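These are the structures, in structure tokens.
Next come two complexes built around chain A: one with chain B, the other with chain C.
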Partner chain A sequence: MNEVKFRARTPLKAPFAIRLLRNSPLAIFGVATIAFNILMAISASSISPYDPYAMQLGNKLQGPDAAHIFGTDQLGRDILTRVIWGSRVSFEIGVVVVALSLFVGIPLGLVSGYAGGWLDEGIMRVTDIFLAFPALVLAIFIQAAIGPGLTNAMFSIAIVSWPTYARLVRGSAMSIKQNEFIEAARAVGEGKLRILFRHIFPNVLSPITVQSTLDMGGAVLTAAGLSFIGFGVQPPTAEWGAMVSTGRDYIAFAWWMTAFPGLAIFLFVLGFNLLGDWLNDFLNPRLRGVE
Partner chain B sequence: MGLAAYVLRRVVLLIPVIIGITTLTFIITRLVPADPIIAFLGEFARPAQVLALEEKWGLNLPLYQQYFRYMYGLTQGDLGISIHTQRPVLVDLEEFFPATIELSTAALLFSIALGLPMGILSAIRRNKAADHAARVFALTGVSIPVFWLGLLLLFVVYYKLGGPGFGRIDPNISPPTRITGLYIVDSIITANWPALGSSLIHLVMPAFVLGYATTAVISRMVRASMLEVLSQDYIRSARAHGLSERVVIYKHALRNAMIPVTTVIGLSYGSLLSGAVLTETIFAWPGIGRYITTAISALDFPAVTGTSILIAIVYVVANLVVDIAYAYLDPRIRLG
Partner chain C sequence: MKAVDGVNFTVKRASALGIVGETGSGKTVTALSVLRLIQEPGKIVGGTVNFEGRDLMSLSEQEIREVRGREISMIFQDPNTSLNPAFRVGDQISELIARFNKEIRTGDVNREAASWLQAVGIPDEKRRLASYPHELSGGTKQRIMIAMALLSKPKLLIADEPTTSLDVTVQAQILALIQKLKAEIGTSLLLITHNLGVVAEMCDEVAIMYAGKIVEQSPVHDIFTHPKHPYTKMLLEAVPKPGRKRLIPIPGTVPNLINTPPGCAFHPRCPRAMDVCSKQVPSLTKMGDGSFVACHLYPDEENAPKV
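Then we have the complex of A and B:
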């Protein structure tokens, strides 16, 4: 699921994309799940039945019923409400982490692939060191050093994610710079920066789009893992991983505290994985011809 | 380039990566706002104690000298003293690492045993019901939070059905005599059958939870690789010569399709070690994953650093072994 190989992008017609999407029920399900999550995040304040932080101690640890469809937690807070509000935090994590990784990974990858030589060698050895750690372990380690909390969690996950982008962009840039149109641009006297951003950058967009889509889910999954071991988002914030973590202490008799927030994480990540998988097939002309 | 020269080159290239890993961990630990001396001695340490410890750990030295001391210590196997166990980190890791090896190896074996046939079936029944089912299974595997799956299974198997739940062995059965630290191996060596049975049963659920994502990745890789190979000319020739489909698939296609799959399997070992952190926490599995999470809550930096270095080194060495196997299976790699 990690790195994806691509050839240069060929022009596509929109109707083709729609036709392809129609033929893929899994991709439709993915898009629908993401749309549903976006809707939840936008309208959280108007659709939630309760206040996400309002405690009702007389009503704690209630199983799912008509008043609380997903039940209540150890402080009597409504779980459905907290799951709805949690989608906001998840989008925030996904978008910020992917944006930060792109911000660092794309320029470094472009420079590395285009310049070559010692600069390329240096940047790639640095990515080697980062990729030598399993992602979650390095994220835990960084988070342990800089302390818990949402901002720090996003920061540690981005530090772990950028090398993948740098390598992906470098690989594409290296193959694209062999093309004649780059030589032509150089011949007419275009500067290095202009060649990088005007000619090479648009051609590495496909693999980046796929990887970013997959990482939207990946970042949320890692963040949930960090919250689960008590290091990411801190209570009382309505974050799905932190909710599962709290639910763990009550798992023997209040399964709903764990089941519903976890299901929300699963569907969120699944949606982005389905879309990413489909985008991969769609943007990769080599695979498209096969079907 | 011969295989021996290739191996030598790769091993030499490993040295800067390991220096990089340890340097990165040094830099991160030096960014820590928390004071390791206060963490070790507690809030109410006397100034004399603080000074003595500063002297002993070399924290009063300039940063570059601290760095060389730290690197020199590492070459001597000195990972420092754990704050929460008060023992050398190396001793702790020796004690807890076998449990993690046992768990992640079981998870890997499980995912190969399930992922391989699933991938083959998907490839030969492409776009049929079996392929779609395998795809859904795989996408579920990479999307499901490992801790959530673990908790749900624990709820059903342990709390509802009364099956095995926490730890490596039934608390009423004494663990096998420690030889390798791997319960399965040790109980076979010492012919301790009750211990063997109990540790096998306790291994099933954590290994499944940990191995699910890997199963998904392996099955997708096998499928893609099989499809690639099956479209080659030599497969068409084999079929044209009238070989049975069975022989074509298992003797001609699978063998070549396995080359990229080996890489994925090797790389999975690293992500299994990473997943073990969460899995061990849920199942109270006494491995390095649980050790590192406990250490984090205690702000025990020597322990966190030592465990991270150990995992990273196992990871890069696993990658190296995979690359060597790859070069052995496919001579084009080392010639290219």
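Then we have the complex of A and C:
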């Protein structure tokens, strides 16, 4: 296939994005939070003051002070270090869950929306079954069946989150296929698969982008929930949900063990939600006032 | 329910046939049927499309896809939705060029895309190629659609109301452009429209459709000088003309196709309806002057071809 790319002299999107971002302090806060988290995850080994797994039993359950800004846990591990390392696990969870959901949801949604008929009915009834259960409850069921652990946690969260994508893509695909450019593509002899992935898929990217961003936070929250009740990530892995869960036993006299990982979860999820909201405004042409 | 039934027409090489009819008379369905583009739940239940000695209806899916775009192209009604909003115009044109000419080099694709924009009268072609569809006007987009339809030098161009959604001034330009390129490439044209003026300008022959059937077909000159079918006559009286004080509308509306009137579908609106009109469907009959009419006012003059 011969691919030729043309570049516009003035990229329209960047200045517009900046302009819009400037008017939205919440979005700036969201982006900053995410950027901060990414930085933490990338440089965890160099910026964290201690080893996340090094125990100092003589130094356990210390409150926040100069040596341990976030305090230490019941085994004398530095909470700040573990919170920093926890961002790595969170990104891993977010990215893997969203990627798995996209991988399953997009093709099913495209086929469902474009083909219609019994295929559409079949796929949509399956999504109905998944969506009929509260996401967290279903994820707990699945994880209870397949056993605890990080990989299984990501797998079970992906199983409950793909139907949203399938439905989202289906809805967009159904409206996009009404456009004459789809008919035009058929009129120049293009095949079904090519129409699906080359013509419809690029036009469903904006809702998917928004949903993926929101789900990055959602997946981490669900994973933290699973870890909290003992299903997800297992100790000693430095994962925020698991840390909160461990800290629960000591909450009466060591509030820092739950408060700081909890705050980390809160900021991570908030950051992605704010960015997702803003992306929704930005990518939605109806709110833009331009054709 | 049959949207189109018993329609039979021929487009001669390098000539232009216009199909005229009111909204809902089956013009678009007819056009889409030629390339077998009817979508579910619609279905083509029978008939043949003879294209240079091949029956397009009996081709395999793979074979008909080879015909689409290469030998028969289409231009659609609404240029605003005919281009994919997610890609630059240049990419969409280049993709087609590369598809119809597998050996072409990347640089040549670029040059050819630019030269096609010039051919359809778009100035500043370099910048236009880098534009997204939403940055362009309807007229420009339709010019691009014309370029994309003709760059394979097809033998037949089907234009489905190509100017309906454009400004009147742009309409004339687009029609002139189609006519010019049609002559240069030697393409035949099947023009679907509800505008008789457009037909007079562009076509050699006209078929008038009513409720999914052709009611009259003749050389373009005859339609305007000697219209035969009462429907054609009334259509012509409803066209504004200098000196015409008031237009005479055709009373009533196009029949609902689920419940077509028995006999001739036009008889409830026809000022000259006779008893036979509500009982018997008139067949398309060849007249002495070479035109075809489906109306009981014109009984068989010769042995009418069964349609």
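Quick note on the criterion: the second predicted complex is superposed on the first by the 276 of 291 C-alpha atoms of A that agree within 3 Å, B and C clash if a C-alpha of one lies under 4 Å from a C-alpha of the other, contacts with A are read in each partner's own complex, and residues count from 1 in each chain.
Just so we're on the same page, a contact is a pair of C-beta atoms (placed from the backbone, for glycine too) under 8 Å apart; a residue touches a chain by one contact, two chains touch by 3 or more.
Keep in mind the model is a prediction, meaning the values are calculated, not measured.
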Contacts of A:60 with chain B and chain C, given as first, second, both or neither: neither
First, second, both or neither for A:116, with chain B first and chain C second: second
Chain B versus chain C as contact partner of A:135, first or second or both or neither: first
Contacts of A:277 with chain B and chain C, given as first, second, both or neither: first
Contacts of A:221 with chain B and chain C, given as first, second, both or neither: first
Touched partner set for A:265, first chain B, second chain C, both or neither: first
Touched partner set for A:251, first chain B, second chain C, both or neither: first
Partner with the higher number of touched chain A residues, chain C or chain B: B
On chain A, positions contacted by chain B and by chain C: 1
Touching residues (chain side chain A, partner chain B) in the complex: 1, 26, 125-126, 128-130, 132-138, 140-142, 144-147, 217, 221, 224-225, 228-231, 241, 244, 247-248, 251-252, 255, 258-259, 262-263, 265-266, 269-270, 273-274, 277
Touch list for chain B against partner chain A, complex: 16-17, 20-21, 23-25, 28-29, 31-33, 135-136, 139-140, 142-148, 151-152, 154-155, 159, 217, 220, 270-271, 273-275, 277-278, 281-282, 292-293, 296-297, 299, 301, 304-305, 308, 311-312, 315-316
Residues on chain A engaged by chain C in the complex (per definition of touch): 1-9, 116-117, 179-181, 183-191, 199, 202-203, 205, 290-291
Contact set on chain C toward chain A in their complex: 35, 37, 40, 64-70, 73-74, 76-78, 81-88, 90-91, 94-96, 98-99, 104, 106, 109-110, 113, 127, 129-132, 134, 145, 148
